[in-house]
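Chains: A, B, C, D, E, F, G and H, in written order; residue numbering restarts at 1 for each.
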Amino acid sequence: MNWKIYLSGEIHTNWREEIEQQVKVLDLPVEIYAPVTDHASSDDCGVSILGAEEDKFWHDHKGAKVNAIRTRTLIEKSDVVVVCFGEKYKQWNAAFDAGYASALGKSLIIMHGPDHQHALKEVDAAALAVTRTPKEVVNVLSYVIRGEL
Amino acid sequence: MNWKIYLSGEIHTNWREEIEQQVKVLDLPVEIYAPVTDHASSDDCGVSILGAEEDKFWHDHKGAKVNAIRTRTLIEKSDVVVVCFGEKYKQWNAAFDAGYASALGKSLIIMHGPDHQHALKEVDAAALAVTRTPKEVVNVLSYVIRGEL
Amino acid sequence: MNWKIYLSGEIHTNWREEIEQQVKVLDLPVEIYAPVTDHASSDDCGVSILGAEEDKFWHDHKGAKVNAIRTRTLIEKSDVVVVCFGEKYKQWNAAFDAGYASALGKSLIIMHGPDHQHALKEVDAAALAVTRTPKEVVNVLSYVIRGEL
Amino acid sequence: MNWKIYLSGEIHTNWREEIEQQVKVLDLPVEIYAPVTDHASSDDCGVSILGAEEDKFWHDHKGAKVNAIRTRTLIEKSDVVVVCFGEKYKQWNAAFDAGYASALGKSLIIMHGPDHQHALKEVDAAALAVTRTPKEVVNVLSYVIRGEL
Amino acid sequence: MNWKIYLSGEIHTNWREEIEQQVKVLDLPVEIYAPVTDHASSDDCGVSILGAEEDKFWHDHKGAKVNAIRTRTLIEKSDVVVVCFGEKYKQWNAAFDAGYASALGKSLIIMHGPDHQHALKEVDAAALAVTRTPKEVVNVLSYVIRGEL
Amino acid sequence: MNWKIYLSGEIHTNWREEIEQQVKVLDLPVEIYAPVTDHASSDDCGVSILGAEEDKFWHDHKGAKVNAIRTRTLIEKSDVVVVCFGEKYKQWNAAFDAGYASALGKSLIIMHGPDHQHALKEVDAAALAVTRTPKEVVNVLSYVIRGEL
Amino acid sequence: MNWKIYLSGEIHTNWREEIEQQVKVLDLPVEIYAPVTDHASSDDCGVSILGAEEDKFWHDHKGAKVNAIRTRTLIEKSDVVVVCFGEKYKQWNAAFDAGYASALGKSLIIMHGPDHQHALKEVDAAALAVTRTPKEVVNVLSYVIRGEL
Amino acid sequence: MNWKIYLSGEIHTNWREEIEQQVKVLDLPVEIYAPVTDHASSDDCGVSILGAEEDKFWHDHKGAKVNAIRTRTLIEKSDVVVVCFGEKYKQWNAAFDAGYASALGKSLIIMHGPDHQHALKEVDAAALAVTRTPKEVVNVLSYVIRGEL
């Protein structure tokens, strides 16, 4: 069985690459999914494909909906959803994804630094593992898939 | 992962072929589904296989139900449902499919010309992308699957 | 038990009033739901409440979404969804509602004149009763609720 | 029919009271739900009832889970979920609730000021109405419930 | 709490009346549902309301669908579905109802005489109680509702 | 895509073999499922594997439950459920399967001779095709899968 | 809104009465459900109503199924399921109920003494509150319903 | 079709290996899943990967949640869930898994010795087969998959 892992959240550090690399080194049977992580593409995909908008709200709206085709589909196909909260920005879409995945009954793994502990308590409470580093995420995945520490 | 795309609606222009061809050129990992698009077969399949009916209502009824075995099954298996509204006819089955797919939580892409904008506002409001051409549909699919503009 | 009946579709004739009146005369235990049937309110509710839009598409979009709060909620609460197709207009929202209700497993009653028989064959095939007049709709409701012809 | 409305998010301004008051003035048939909005109670409920924790993580964890009994139950019972994002704090639980409600198919109304427009684009894209003030929220509710502008 | 009990199957003996009467004597908090049990009405409701059919198949078809509005709605609302198999006829609709209720997760109580034991083994295997008389059905209902033998 | 077809009902004629053979000739992409059709095995599997029972009811009960592991699993995996009613016996398990499949939203094809038309009207009313011969069943499958008459 | 609370597990101490009494004192808007707690009735209900069995397995089987009509129905109707593990016996039905309620998405409150902490770790991990006394259970209920400590 | 079989419960005897070996000998098309059966790893996985806890409750809690990522995912993917109750320990997680699988509609096979018959009556009543040995489990699997005794 191939495990399907969705990596949601933070797009300004290379945590996804770290996880993908370590997963490859361990040869874990996983299929890794992610949102579009190129910031500019993600912001402009709607107007780029479907035509410009004068109003910034609709500019963003069109893009967010096109991105939702990808994110909703992939989250729904996943077994485990990992959500990373970085140091900066509001990252409401990360928390939205966590809530969405939680209501679908997906296994949630949350990753964040100690500074965000209190602010993320409701999100953490919905998770099956709260981690701090990509290494910890990979160790959890390796254990639950391989069954060995 | 192979994305499953259902192409519903209009059967009198070659929009499906255009999408299929461009998808092939781009080598997108998709499986494309469609209803029976041969008008005569679609109309007469019921009586042709299961016996003639004198009453036109039951003639149509038998055919519509046989076609439903195909359309419901394939829509339920799809990740994305594209619904095209052409220039002519009532096309209520297209709108029915859009409603059906929407209630199942499928990602909807609607395609229609500017003339139908007002009449399709409820359908468009349920969609994640409103497009005008097969090219735009393919660009949306390419972006959400490949993750690149 | 109170039966919940949603009356979808056509808003330019008084078919809803006829059904409501006859249901009252028969004293049937029903709660009747409907979309907003005032054409102008339905078209303009979005911009009227949430601010004007220059682009007609977004004008319509805002309104259609606000109306969807009402229609989706009430369709989901209904036991029976009656969809009436009138003589004029595209009425794609009626067919969309029929598809939406069908996917939710609601009992569908369709009402339309003989002219639309062929164009509505897929919608009729999903229905448990195809009727021509409000009187027939009420007779079906009365029979299934009271259990007497 | 009584509409059930859940008011999620911001707990440091009186937006809930404004909505409740206006709803009462309009005599709308609604039942209004909310999380515990007393900040200290919400933070300390876990340890206060179930025993102290030395580690802040588990202190918060216990409280967040007890609060989840209330929030999940009430969100699941609601027809409409209103989520307000205020000026301050991370408010990840608000975005989590929005994602949770969205996956359950609830009608979402989002409320926030113009500053947060870009950061909330994914959340707004999942909503059926994006509002700026309690007055707008009440106007939407009044319209979808009463059917009149 | 009011328990909702659907009484499916056999329409040629007075087993429903016996159950209803005993339930009333015991003052059990139940709401009892049933299909239309007047054989002629049940057979002819379709053509009587919606117009005659020359072909017996469609005559029956129209009626069966109209009856389904009642039976499906009430079975879905029920907590317990009691299905009685009598001495005569094929009673395939009774077995269909049992399968339908079983797939919906309803608690099934089956009632039949000893002669049908082998033929009903698959149906009995899906039941939580297999009974022989209305008295036994009522005793089961009384026990599970009141909690006393 | 491989279509999954479950063949339920009648086990005393070779209708399943006829369908399988014709499907092979046509090279249709289907996976065909069926219950255990060896009458003796089906009757005795419970006691044969899990120990004898003195009481015939429990003898049958054990077997029916073991068989249910197979039938429920395979029906749930199927896209289309074909149910054949033969000339003899009560065949309540066939009707039970039809009801079960119907509640799961599977596409139903019913097969029976003209004698059973009236007795099967409720079952037929839940079907998308009512057929008389294995040839007709295969023609329906070929059409809905291949899209050609 | 009335909260529905199911009290599962231990039947040899008076913890349910304590909870019911304190809930009454606090005048909490709850409806309290429970299994049959009379040990003899619970063991013998099957044979008492439906006829004696020689084999102890079937004696127990009949009773367990009749009891399941009550327990499954009430757990499915509940908002919160409280499961108490006492000092004695295997109490596998309590753990079964906890698993059943958990898969249905019910809010779980577990109650047990410190001795069982390690053995119940998987059950506790699925709960939103782990309590030691009826007083704690009531305090949790009071807080989540009233919103005040 | 590959059948997916989850083996839950007892981790101190080699019943899983026996089943796996016999299944291999018979060349049954099955994929076998299991929880982590190394007792120490299972107990300590949480703290080992995610950091030590002083409090034994949270030590266990962290581990139980990490294990739940594996067990919930694999149970949800399974067609048949086999639960073995051994001679020793409370084994509440086994009963929890049985309840969880039952609510998801999985086919349950229970395995236990005669001593536990009465204590497991509610669990057995939810099962489709109650077995005593790995040999019996394999015989049931072989029969339902191969269709031959």
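Things to note:
Assume a residue touches a chain if its C-beta (ideal position, glycine included) is under 8 Å from a C-beta of that chain, and two chains touch if they have at least 3 such contacts.
Because the structure is a prediction, the values reported are computed rather than measured.
By the document's definition of touch, common neighbours of chain F and chain G comprise E, H. Between chain F and chain H, the superposing rotation on Cα atoms measures out at 90°, rounded to the nearest 5. The interface formed by D-G recurs in F-H: of the pairs listed in B-C, E-F or F-H, only this one shares over half of its residue-numbered contact pairs with it.
With centres taken as mean Cα positions, chain F sits 44 Å from chain A.
Distance between chain centres (mean CA atoms), chain G to chain H: 23 Å. Centre-to-centre spacing of chain A and chain H amounts to 31 Å, using the average Cα coordinate of each chain.
In chain B, the residues that touch at least two other chains are 65, 67-68, 105, 130. Listing the residues of chain H that touch chain F in their complex gives 1, 3, 79-80, 107, 109, 127-131, 136, 139-140, 143-145, 147-149.
Interface residues of chain D facing chain A in the complex, by the touch rule stated above, are 56-57, 60-61, 63-65, 67-68, 85, 89-104, 116-126, 130. Those residues of chain A whose C-beta lies close enough to touch chain B in the complex are 31, 33-38, 41, 44-45, 48-50, 62, 65-70, 72-73, 76-77.
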